[in-house]
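Before anything else, here's the structure in question.
Labels for the chains are A, B, C, D, E and F, by order of writing; each one numbers its residues from 1.
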Amino acid sequence: MAVVQITLVKGRTREQKAAIAAAINKAMVEIAHSPADHINIVFHEVDREDWAIAGKLLPEYIADMDRK
Amino acid sequence: MAVVQITLVKGRTREQKAAIAAAINKAMVEIAHSPADHINIVFHEVDREDWAIAGKLLPEYIADMDRK
Amino acid sequence: MAVVQITLVKGRTREQKAAIAAAINKAMVEIAHSPADHINIVFHEVDREDWAIAGKLLPEYIADMDRK
Amino acid sequence: MAVVQITLVKGRTREQKAAIAAAINKAMVEIAHSPADHINIVFHEVDREDWAIAGKLLPEYIADMDRK
Amino acid sequence: MAVVQITLVKGRTREQKAAIAAAINKAMVEIAHSPADHINIVFHEVDREDWAIAGKLLPEYIADMDRK
Amino acid sequence: MAVVQITLVKGRTREQKAAIAAAINKAMVEIAHSPADHINIVFHEVDREDWAIAGKLLPEYIADMDRK
């Protein structure tokens, strides 16, 4: 049994999510031996303005990194 | 004190959510003896394309189950 | 499909958790029409010192409430 | 390293979120000595109808409180 | 940027967790193009008695499945 | 109303947690205007072996950083 909650910034396509879910499921089945029908993977997408690193919202944080 | 975070696929009505919240609250108060004013229940609704079981996004997972 | 993550202060018995899980599952099946084998309920128990309300750890918060 | 997931009712401005993130980051750096580049703060905003206290969705819960 | 919170029943070894983290990170970098230093993966391990499916704690749920 | 779930590596003292909770609560009250009695802050502490960055468990990730 496994619940995998992925928090991400918006913008991935359906194909990307399908590929990520397949890869994580494979790892959970092969390495952790979790039964596939009980592996739930959920994507929670948020806006860039709803994520902060080092106390700065992502638009500012990334702009600062690019400047360096 | 209790925090109950419910992750669900989109599509429940306000009435369904109200009934679910009332039932969970009743269980937490009567069985766990949590004080009602400190029982927070939050619904996080996601798209069907944002949930995977057995490594397949729900639209594919459900289509596969129906085929069996 | 539903994932219900319950954060609680430590101290409930196995019997209480079993009864809470049964009640929540019943609500999710009967009201939300989620399929039972895909309703995952997880209890995350934390120490009273790991929970704060109104900016006070629970031992202090509860002592303050009792004083009033 | 810290992950701070904040669940809130919708309605805060970008400026409020930036100020909250800055304040939380400051606390985590100064008090917990977490390295700033590894402090992730994420806001999950939900509708008022997706939050319940004491088993009532927020619109009803708040209306009840105001009546008292 | 990604936060991956994995809730699991206790019992995986350090080696299993390291291999799972490596596989998930690879998927997030190659498919989602997240920067590796900002991919946080956290394992939350709970007791089997703290997880329920279909309203039954895992020891009972698994015993029921084995009987069928 | 706010739920703040903080995931941290083990090792902070009760005093540190009390100070962090007080600071976060202050920010939520003053900036977000959340009512203090409905601001729940919960610390989830995990072992260093249960956290990975860049696909490496923290003991390895930190050792790699120190080497550079």
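Here is the rule we go by: contacts are C-beta pairs under 8 Å (C-beta built on N, C-alpha and C of every residue); 3 or more make two chains touch, one makes a residue touch a chain.
This is a predicted model, so every value here is computed, not measured.
Participant: Both chain E and chain F are touched by which chains?
Facilitator: Both-contact set = C, D.
Participant: Counting contact pairs by residue number and requiring over half to coincide, which of C-E, E-F or D-F is equivalent to B-C?
Facilitator: Duplicate interface of B-C: D-F.
Participant: Determine the centre-to-centre distance between chain A and chain E, using the mean Cα coordinates as centres, and give it in whole Å.
Facilitator: Going by mean C-alpha positions, chain A sits 14 Å from chain E.
Participant: Could you grab the centroid distance between chain A and chain F? Build each centroid from C-alpha atoms only and quote it in angstrom.
Facilitator: That pair's centroid distance is 19 Å.
Participant: Rounded to the nearest whole Å, what is the centre-to-centre distance of chain A and chain C, using the mean of the C-alpha atoms as each centre?
Facilitator: Distance between chain centres: 25 Å.
Participant: Specify, in ascending order, the residues of chain B that touch 2 or more different other chains.
Facilitator: Within chain B, the residues that touch at least two other chains are 1, 3, 5, 7, 24, 26, 37-38, 40, 42, 44, 51, 53.
Participant: Please give all chain pairs that are in touch with each other.
Facilitator: Chain pairs that touch: A-B, A-C, A-D, A-E, B-C, B-D, B-F, C-E, C-F, D-E, D-F, E-F.
Participant: In the complex formed with chain B, which residues of chain D make contact?
Facilitator: Residues in contact with chain B: 7, 44, 46, 49-57, 60.
Participant: Enumerate the contact residues on chain B facing chain F in the complex.
Facilitator: Touch list, chain B to chain F: 1, 3, 5, 37-38, 40, 42.
Participant: Write out the stretch or stretches of chain E touching chain A in their complex.
Facilitator: Touching chain A from chain E are residues 1-9, 12, 16, 19-20, 23-24, 26-28, 31-32, 34, 38, 51, 53, 58.
Participant: Considering only the defined contacts, which chain D positions touch chain A in the complex?
Facilitator: Against chain A, the touching part of chain D is residues 5, 14, 17-18, 21-22, 24-26, 29, 36-37, 39-45.
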